[in-house]
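Next, two complexes with chain A in common: one pairs it with chain B, the other with chain C.
After this line comes the complex of A and B, so read on.
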């Protein structure tokens, strides 16, 4: 009897102490289920036969491969062009900086089909940049380059914002000390600032890659063929219905889950290491 | 030798103005001032981290006004030591040699030398996050000095330490300075720290130099009421010189008359350091400045006791503990305060 009283009291106390945590856990569980249930259901309840068929379908495999590496090239371009901008935004003040920061978020806000059309007006064959690039043999409509600029446009804000936050967290005085110790601005960036902001930059690059893989709206305006996976899923759904679309979607989800859980794991481990 | 001539620096909303300063080679100079006075900006400007808007800076006869930080030979150590958190202690210390592409054999030699001075050998493989405050400081100093800079800049280097380690560090900093003889500029807001370490003190307030002098000059002869207040002189009275008796000036305030030894013909303030005021129960003889009043408050500051006496005006008097215990005045008791004319400083 005494034991049970004690147990009940402890449990009561524990509940009082942790009730916020309990409440938050309930909400957390709801949102996690919301994210996971549809994806799991699609993967595990899809017809095994159809899934197996899709795995052997070269159109599907080619499309997934195209999506992954187009998004990877996009992330690389975003890295080279976006990191310097992020650094400038984190370290310097200039007139209209707030406006510039707002503009960077614009691609996230506008409907991506609109983004695709906007890009078409610049990179289309009959427009300014399109003409120039066409002269050197690069075409943006129905070509890999088109997929890349569409992905770049909609995903680069993720990298810029994440890298900017990373750079902001690096104490300026560490850079100052490095300068006085004899390091040139480039050496300071390479040896101090970049390594310290690295995790944010990598995480931003990863987000950018992910966003590239999932892009549909902007890509479909510029490049229907070659077909990235999001468009392939849409095309199968339109032409043959759900049964044909689900296995392709399921494979993409599986591939992405493996890649991104893997990367998160590596980033987490690095964090512990630091 | 560092020379700043009419230097003006603007950083965001803050500006340093009309900075004229000459620091002799091998000296230990303390830049003293309240928070927000511009001490750190001054240090960073000397390091080349802010562009100098007007005036010029000369380092060993060379104009370095527009020289980039990496070419100045000026090392800076910040308050919280700002070690590179992603590098080991060893990598931190040799950073300055690595970026200058010094030969590996020379790096090893220099590292051994600096380890000998700062006793950081056992820490070399560790990451900064695992070090104690004192260890971090030694590593930061080793990193700053391994390159053999002309000038060492220390920005509030002791304020992160507790009182006991701080006193230890006074001695260590002095010792290191004696060994290496690097011209050192040390920023602090702590008057005691400045007195303990400095060959010269530069008092700075609101972006301007308020006074430059030896510690004793700053202590006994503050150049302005600000310096007097900041150095805790405590008794500062406004008034004017009204006459002279022999070689002593008569300084009158609204309520009292003070005798002061001074060659000034006009003055706005009279300053009497609280330490210089004697407190007695009996009326003292043959002292020019004697006041009678009642004890208003007694604050125990440990080694010293601060007593406020209402004469009026209010006088503050700082007694060593032993002396206080012999007199043991009570609140409300009538006492005499006295001090010689030489203890009254006119500004």
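After this line comes the complex of A and C, so read on.
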């Protein structure tokens, strides 16, 4: 009897002490289930035979490969063009900076079909940029280049924002010390600022890549073929119904899960090494 | 700082309370969910306004989809819609009569047909050879190797398979047996073929449809092709006259024997069939015989609000509804047709005698 009273009291005390953690754990569990249950259901409840068929379907595999590498090229372009902007935004003040920062977020909120049409009306053949690129043989309709600009447009804000936060966290004094020790601005960026902000930048690049993989609305306006996976899923659903569309989605989910868990693991390990 | 935060929270709370109060004290509205074909967007949105004015207690919710998708929303995704209205009346028996709900009933067992449309060749003033195109040479111009032709995916959208029907009919009309191949067929890695036997042309669509020629632009919906037409990436595409006119584009009318818009030419249209060579086409028997373009609508058997749906259909078939359709260039069929009058709700039966 006494034991149980003691147990209840300690449990009560423990609960009081860990109330925050318990409450947060409950909420965390809810949101985790919300994310995971639909995905697991899609993977595990999809028709085994259809799933196996899709795994061996070269159209599906080619499409997943195309999606992954188009998004990867997109992330690389975003990295080259976005990191400098993020650096300037983190380190310098200029008139209308707030406006610029707000505008960068626009591609996230614009409906993606509208984004696709907006791009078409810049890179389309009747318009200036489209004409220039056309003259050097680059076409944005039904071409890899079209997939890439659509993905770039909707995903680059993730990289810019993440890199900007990363640069902001780097202590300016460290950069100044490096400068007084005779490093050129370029050396400071390469040896001090970039390495210290690296994790935010990598994580932003990863987010950008992920966002590119999932894009549908903007891509389908510019490029139906070659077919990225989101469009293939849609097309399979329309012409064959759910049983054929779900396995393709399931495979994409599995492939992406492996990739992203792998990357998170690497990022985590880097943190330990720092 | 804390005071500011508190006042913001207070403000939000008041807002929530006011809004929730509004919906409770206001008129109780019933919602009518209408899944509509993309090409019905313009007339139906005008009908929505007029219908809601006449029935202030009903809130119409229009959800545009490609016709096949609109039906799949109900039969595959389990959406409970009150009205399904599609651009091809054939799709309702094909996909809704044959698919059963969990209680064994079909998703629908009647179909009302009241309006038509026709295919035209849409183009802009910057389209290649726009200055020389006419109803005698259009099929040769769209086949020219430097012309960018837009094609709606025949596996997904009614405009797509109807375009192939029109090309199949044109092949006989202009006595050009390779017309389908020249215009679209040979531009894919697995060709779309056409064969004429006993006067009937069969156009076969392969399972894998991947263009090999950058001058053939395939899209899932005609609306996207119209955007590409305006951006100069597509020179010509076949589309519904109403949609092309609503977009203010140039268009060429096709002969009545080809444009699928003349209900009197139904027997002539039967001379073409579009066949999808699918092995895995789950719920649809993918053979489309040539028929005039006729819109179809029904109330699914699992509709939540069938009584308002009946009112909506009465409105569409009524004077005001048909006047709107006429102004949108989707001409009315007189009289409207129902394929299974005995299954209609009583309030609609009286319209079909």
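Keep in mind that, in the parts below, the second predicted complex is superposed on the first by the 274 of 274 C-alpha atoms of A that agree within 3 Å, B and C clash if a C-alpha of one lies under 4 Å from a C-alpha of the other, contacts with A are read in each partner's own complex, and residues count from 1 in each chain.
Note that in this section contacts are C-beta pairs under 8 Å (C-beta built on N, C-alpha and C of every residue); 3 or more make two chains touch, one makes a residue touch a chain.
Being a predicted model, the structure only gives us computed values, none of them experimental.
> Superposed on chain A, are chain B and chain C clashing or fitting side by side?
In the superposition, chain B and chain C stay clear of each other.
> In the superposed model, does chain B or chain C contact more residues of chain A?
C
> Regarding the shared-chain residue A:183, is it in contact with chain B (first), chain C (second), both, or neither?
first
> Please work out whether A:174 is in contact with chain B alone, chain C alone, both, or neither, and reply first, second, both or neither.
In the superposed model, A:174 contacts chain B only, not chain C.
> Have a look at where A:2 lands relative to chain B and chain C in the superposition and call it first, second, both or neither.
In the superposition, A:2 contacts neither chain B nor chain C.
> In the overlay, answer first, second, both or neither for which of chain B and chain C A:191 touches.
Once the two structures are laid over each other on A, A:191 reaches chain B alone.
> Tell me which partner A:224 touches in the superposition: chain B (first), chain C (second), both or neither.
In the superposition, A:224 touches chain C alone.
> Scan A:49 for contacts with chain B and chain C and give back first, second, both or neither.
Touch status of A:49: no partner.
> Closest Cα approach between chain B and chain C after superposing, in Å?
Closest C-alpha pair between chain B and chain C: 25 Å.
> For chain A, what residues appear in both contact lists, the one with chain B and the one with chain C?
Dual-contact residues (chain A): none.
> How about chain C: which of its residues touch chain A in the complex?
These residues of chain C touch chain A: 66, 68-69, 72, 76-77, 126, 153, 155-156, 208, 210-211, 214, 217-220, 224, 227-228, 231-233, 276, 278, 280-283.
> Residues of chain B touching chain A in their complex?
It comes out as residues 44, 47-49, 68-70, 72, 74-78, 82, 84-86, 95-96, 99-100, 143-144, 147, 149, 153.
> For the complex, which residues does chain A have touching chain B?
On the chain A side, the touching residues are 171, 173-174, 176-184, 187, 191-192, 195-196, 274.
> Quick check on the complex: what are the chain A residues that touch chain C?
Per the touch definition, chain A meets chain C at residues 59, 117, 120-121, 124-127, 130, 139, 141-143, 220-221, 224-225, 227, 231, 234-235, 237-244.
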